[in-house]
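Note sheet for the following structure.
The chains carry the letters A, B, C, D and E, assigned in the order they are written, with residues numbered from 1 in each.
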Amino acid sequence: MLIGKVVGSVVSTRKDEKLESLKLLVVQVHDQQGRAQDAYVVAADAVQAGTGDMVLYATGSSARQTELTENRPCDAVVMAVVDSWDLDGKNVYEKWSEA
Amino acid sequence: MLIGKVVGSVVSTRKDEKLESLKLLVVQVHDQQGRAQDAYVVAADAVQAGTGDMVLYATGSSARQTELTENRPCDAVVMAVVDSWDLDGKNVYEKWSEA
Amino acid sequence: MLIGKVVGSVVSTRKDEKLESLKLLVVQVHDQQGRAQDAYVVAADAVQAGTGDMVLYATGSSARQTELTENRPCDAVVMAVVDSWDLDGKNVYEKWSEA
Amino acid sequence: MLIGKVVGSVVSTRKDEKLESLKLLVVQVHDQQGRAQDAYVVAADAVQAGTGDMVLYATGSSARQTELTENRPCDAVVMAVVDSWDLDGKNVYEKWSEA
Amino acid sequence: MLIGKVVGSVVSTRKDEKLESLKLLVVQVHDQQGRAQDAYVVAADAVQAGTGDMVLYATGSSARQTELTENRPCDAVVMAVVDSWDLDGKNVYEKWSEA
């Protein structure tokens, strides 16, 4: 998994029928220091994440292991909203400190 | 998934029998700002996308989860035509504004 | 899938028994303009491709979806010989024009 | 698999139900010489690894082959704590020499 | 698959039980010209390869298709020792010429 931030969403009406009802988020990849990277992924939303949320996303066949994404042509899923993480014992990110 | 633009197609007569009847599109990868990247993929077309369409494509085993691509030796599929997407609340791409 | 050119082959006698009888090709990756890239892959040959042929190859679990490669420890397969492709309506490559 | 060092962990309360009870580690990728690389992965912990441990992690569908991660939306797993490794007959890393 | 050279091995006692008895090799990636690249992978050994052997390795789910690695949390396997390969009709590597 990698850490990302939800920065947008994609709308599509003409799509494979197996994609119906999936919300598709634009997630900007972040590094372990919490810095935005010059990379993104479009991922299905399994946790009702909102814009600005720091999240974890999984890719590949693992992205089809949520109830929502099972058997769907979906190769990335947001499956957790991040509360916090630490590196070498120091807090890097705290969701609630941003409120 | 990543965003791409359909820029061409590939023709092949000598191919594995499981590829029969799949249309193979050349898709140029785009970033979240809608800028063309120096990368491409050849993907099966599950949504009758046309040249110039902005699309989403999935890769890996997820590319075999459409009815069209099931059990085929195909590692990328165009499974949605993009109508629009936004970043940080601003519209980045709108299909119909280009008409 | 990506486009590549068959540039060689690999010989191995000591190998996993499930690899028996697979021909292993060295494929040089090409971009959508038909330019050789500084990357290669060794892929099983499912279409009796010859040296110099432009081909499509699939990777990952999709590489095991041909009859030839099913259940084998093989992560790349040449599953089509390319006749031609076009970009933005212009022909980029035509197999027979090289004869 | 690649070699990494456990440098932190991620906390999430809002997550897919299939992620319950998985400990999620931040692993910094290392090269074969034991040098830290500018890359990381968030991986499930299958071996109760601690901060500072050098570990092996697996990605993709293979990350779901431990009893702990089976059928979960998890694309990376720490499945071994490294005791030591050698290159060209020379010891590069020895866990106990650091005690 | 890619070509690599076996340059070392990794020892681990604390590991997932499904990894028991797998020998884990450090493989340095090589390009099609036989030049060492600045990349490596740790791969299970399915062919009793020795240090210095040029080998082929497969990654992803394909790495679990040998009898040895089936159902294991292992994402790379050495499944062939390379005897020789050629590029454009010229021999690039010959195992026995090094004896």
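Operating definition for what follows: a contact is a pair of C-beta atoms (placed from the backbone, for glycine too) under 8 Å apart; a residue touches a chain by one contact, two chains touch by 3 or more.
Since the structure is predicted, the reported quantities are computational estimates derived from the model, not experimental observations.
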Give me the set of chains touching chain B intersected with the set touching chain D.
A
Using Cα averages as centroids, what's the distance between chain C and chain E in whole Å?
21
Let me have the rounded angstrom distance from the C-alpha centre of chain C over to the C-alpha centre of chain D, please.
33
Contacts with 2+ other chains: residues of chain A
60-61, 63-64
Considering only which chains touch which, how would you classify the arrangement: line, ring, star, complete or other?
ring
Chain sequence round the ring, chain B first and chain C second?
B, C, E, D, A
Spell out the residues on chain B that touch chain C in their complex, using ranges where they run on.
7-19, 24, 26, 28, 40-43, 51, 60-61, 63-64, 71-76
Within the complex, chain C is touched by chain E residues 1-3, 31-32, 46-47, 56, 58-67, 69, 77, 79-89, 92
